[in-house]
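What follows is subunit A paired twice: with subunit B in the first complex and subunit C in the second.
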Partner chain A sequence: MYDIYAIITGPLAWLSFAVFLGGSLYRFISLYQLARKKDGAVFQYMNLAYALRSIAHWLTPFGARNMRLNPVMTVVTFSFHIALFIAPLFVFAHVVLLEESFGIHWITLSDRVADILSMVVVFSCIFFFARRIMRPEVKYLTTWVDIVILIIVAAPFATGVWVFHQWAGFPTMTLVHILSGELMLAIIPFTKLFHMFLFPFTRGYIGSEFGGVRMAKDW
Partner chain B sequence: MTDSTAVPDKGTDDQGILTGVEQLSPEKIERIINEVLSSETGAKLKVYVDTCVSCGLCSEGCHFYLSRDKDPKFSPAAKVKQTMWEIMRKKGKVSPEFIKKAAVVAYTQCNLCKRCAMYCPFGLDIAYVLSVMRRICHRLGVVPLYIQDTAHSHSVTGNQMWVKDDEWVDTLMWQEEEARDEVPNLRIPLDVEGADTFYSVIGPEPKFRAQLIYQAAMIMTAAGEDWTMPSTPGWDNSDMCMFTGDYEMMERLKKMHFEAATRLKAKRIVMGECGHAFRSVYDMGNRALGWKMPPIPIVHAIEYYHELFSQDKIKIKKKFDRPVTLHDPCNIVRGRGLHEMARSVVNSTCKTFIEMTPNREHNYCCGAGGGVINCGPPFKNARVESTKIKAEQLFAAKAKGAEVVIAPCHNCHGGLEDVIHHYGVDMELKFLGDIIYEIMEIPE
Partner chain C sequence: MNTTVRQLILLILISAGVLLPSFSFSDDCTNIDEATFTEKRRPFVCFIHDEHNEKAGLEEDCALCHHTYEEGKLVADESSEDMACSECHAKENDPKQFELTATYHQRCRGCHLEKKEGPITCGACHKKAK
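Entry: the complex of A and B
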């Protein structure tokens, strides 16, 4: 047990960080080079002010008409994404690990809050899953990959809650928790999860087109 | 969950598509697709396809989906799923049958209206992705018959409607003569060098709606405009090749148009009330030719009318007194933000203005755009079925009292005419120019 623990918190952790960083960098560079070669116009029309204007609207809850048309989805997506970032970065247990390994630390969430945030992520994933199988327009687009990704994203949070509450079998769950977290990190560059990095560019580009050329709003 | 499958349609009977597909082999398909993908697309397409998280939120953006009782096959992302996703996933190894269905989706189930880009959280430009699909179909020779005919006309005559060079000049002279009954000194000045304004129209104007040229001449004369029209090809600013995916021809057409204006050393191009022509001159054609923005200032009719009223260049007898509503044409609203100017012109000319909702950038397309109406009779029923939401919008405006729909776009006229007729909306359709002509003080 301890050996496995050592492996997944040691080499595997490094590996997943390396894959995440290396993979993301690779995707960025290759997309950038391809864009330079083939989509010169994109750089011509990109306009920082209009890009930020569009991004700001779309990062504001209910800032776009479509968000107002789908209020439940809006509330869930916003809380999901916020919780998804805040919980792992500021949960006490993670920060302690960082402190032990690298001597760096930052502010932490109270356990209670971290617990709630993790549950927000898990319930959001359940909501997304239900949406995927119940809404015909989403079901039509959904493939098994989408479901697998959803499970991989939910896993570290579900197991985190489990471990925190020390429910039955929590030592094993700790391993699953760490492993699934590493897995999630590692697949980001190679799956649709990469949308987290592409969002500013796609939104920024259409925002620039709408703002600069079309002189219209895009929200 | 479904694997990527195309719309299980009853099969199209469009001869252009059917004959084209007969001549396809899997090898040819794969070769052409990969040629297009590797030489004409890049990171933009890749990112659009890879970033889509299949959340379905774009559905709300599309009038096809809304009109078809939320049939999931008609959501924007679903149309990409039935076309480019599959093609990119299989690296071009798709069957002729697949291309047949993909052509129907790309050419007739999307108006390229870009509304969905305002509903997708990532701003993914589905219209662009489906244009790539059209480009592939064009390269494969699988294009709906009727729109391909207009593209042929473009390449033979330089205009969309097989108008011969002498017929064009004849039509202008005929309209000038008619107008002279009303204003004896009126001219439609041909080929005047150095005029302020080069006025261009779309092919269907001389062919079917010559009175619009008459009206434009009246308005220009009343406004004291220093204007001219070319007697040579290049007078037609429309562009169906842009919609078939024939970008080489689109470039030729735009070049002809810009060159006709520069040859006459005109200061600007003012164009008639057309949306797609504006798109071709202001957005797509100029880019294809390497111009970030058009080489000569392009002024759409709405902007021009706005100039006339804001600078008091034209006098009206009295305002148009029947209650009107305004259709926002996508190509000049989402394409150029002319919605406020349009409202200002409507308010300057009409007594009662009733808004349709949603409006401005969020307005629903008429269903005709993107070349869909030009695909002709084989797709007419399907097209009109996909505009139910537009009909509801019109009915709502009518319930508030509107009697006249102003649609400052030729294509929208065609589309709305069918909507009004099919759903029994019973409203009258007008161009802004119709209204201005009706109420303005006719010059001496």
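Entry: the complex of A and C
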């Protein structure tokens, strides 16, 4: 227990940060080079105004036609993404650990709010899973990797709730919590989770092409 | 006295008999610096000073925790049992006492990790009332 804890909170924590940052940088550079080599038109059609217009619509709840057609999915996905970032960054226990390691701290959520946000993430993942196996058009695109990614994303939040409420076996679950968080961070650059960085570019390009070439809305 | 009142009194006496020992039990916990944390976010840690030090073999080693620093340097042979940790480690106007909390965590968990003995996860010390 003590050795595992020391490894998970020490070298493995740094490794996951390094893989996350280094991997993301690598993916950015390699994707940029690939686009330059194979799809030069992307750079010519890229237009900041059209890009931002499209991004703004897709970042606004119900700001795109597809979101209005699928209202439940829209509510779940927006709540999910907001909770996904707010909960881990501002949960009290994490901010205390920041103070311990780096001597900095910032505002914190109340325990109740953090608890609810974490459950929002877990239930959203269950919703996404159900959607992936029940809707034919989504099922058609689903591979086992998508399911594994959903589990990896849900794990830190499910175990976080577990540990916070001190349910049976919570000391071991604390280790699973930390480890699953590190795993989630480390796979971001190499999976579709990388859309957290790529989203402005893919959306921006589609917006540019629709705005500048097709003269049509893309939302 | 009617039966209901007698039964009620009996019930109160039994409850008191059951509850009182559990209240007095908490006297064992050393409530270190409790008043300094004006905004309590976690169940307070029950640190049983004498029992802990006997188990850890620290009876003669008070200065390990009750240390003294002068101009940023540890004074080897001096201890500070008469002072509260918060006198040096607390920050004014911080209801959550982040710095003091970090100091406690580093002191307790750091030692437990080093000795491979004692609790290290959050909930193992900050136990929720059952």
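Here is the rule we go by: the second predicted complex is superposed on the first by the 219 of 219 C-alpha atoms of A that agree within 3 Å, B and C clash if a C-alpha of one lies under 4 Å from a C-alpha of the other, contacts with A are read in each partner's own complex, and residues count from 1 in each chain.
Convention: a residue touches a chain if its C-beta (ideal position, glycine included) is under 8 Å from a C-beta of that chain, and two chains touch if they have at least 3 such contacts.
What you see is a predicted model, and the numbers here were worked out from it, not measured in a lab.
Trainee: So, A:Thr108: does it touch subunit B (first), subunit C (second), both, or neither?
Mentor: The answer is second: A:Thr108 touches subunit C but not subunit B.
Trainee: Could you let me know whether more residues of subunit A are touched by subunit B or by subunit C?
Mentor: With both complexes superposed on chain A, more residues of subunit A are touched by B.
Trainee: Going by the contact rule set out at the top, does A:Ala6 touch subunit B (first), subunit C (second), both, or neither?
Mentor: second
Trainee: Considering only the touch criterion stated at the top, classify A:Tyr205 as touching first (subunit B), second (subunit C), both, or neither.
Mentor: first
Trainee: With both complexes overlaid on chain A, does A:Pro136 touch subunit B (first), subunit C (second), both or neither?
Mentor: A:Pro136 sits against subunit B, while subunit C stays out of touch.
Trainee: Please work out whether A:Gln166 is in contact with subunit B alone, subunit C alone, both, or neither, and reply first, second, both or neither.
Mentor: second
Trainee: Considering the complex alone, what residue numbers of subunit C touch subunit A?
Mentor: 41-42, 96, 98-99, 101-102, 105-106, 112-113, 116, 119-124, 127-128
Trainee: Taking the touch rule as given, give the residues of subunit B at its contact with subunit A in the complex, in rising order.
Mentor: On the subunit B side, the touching residues are 1-3, 40-44, 46-48, 50-57, 59-61, 65, 70, 72-73, 75, 77-78, 81, 117-119, 121-125, 283, 287, 292-293, 333-337, 339, 358, 361-362.
Trainee: Using the touch definition from the top, list the residues of subunit A that touch subunit C in their complex.
Mentor: The touching residues are 1-3, 5-6, 92-93, 95-96, 99-100, 103, 105, 108, 111, 163-166, 170-171, 174-175.
Trainee: So in the complex, the part of subunit A that touches subunit B is made up of which residues?
Mentor: Counting only subunit A, the residues touching subunit B are 31-32, 34-35, 37-39, 41-42, 44-45, 54, 58, 64-66, 69-70, 73, 132-133, 135-144, 146-147, 192, 194-195, 198-199, 201-203, 205-207, 209-210, 213-219.
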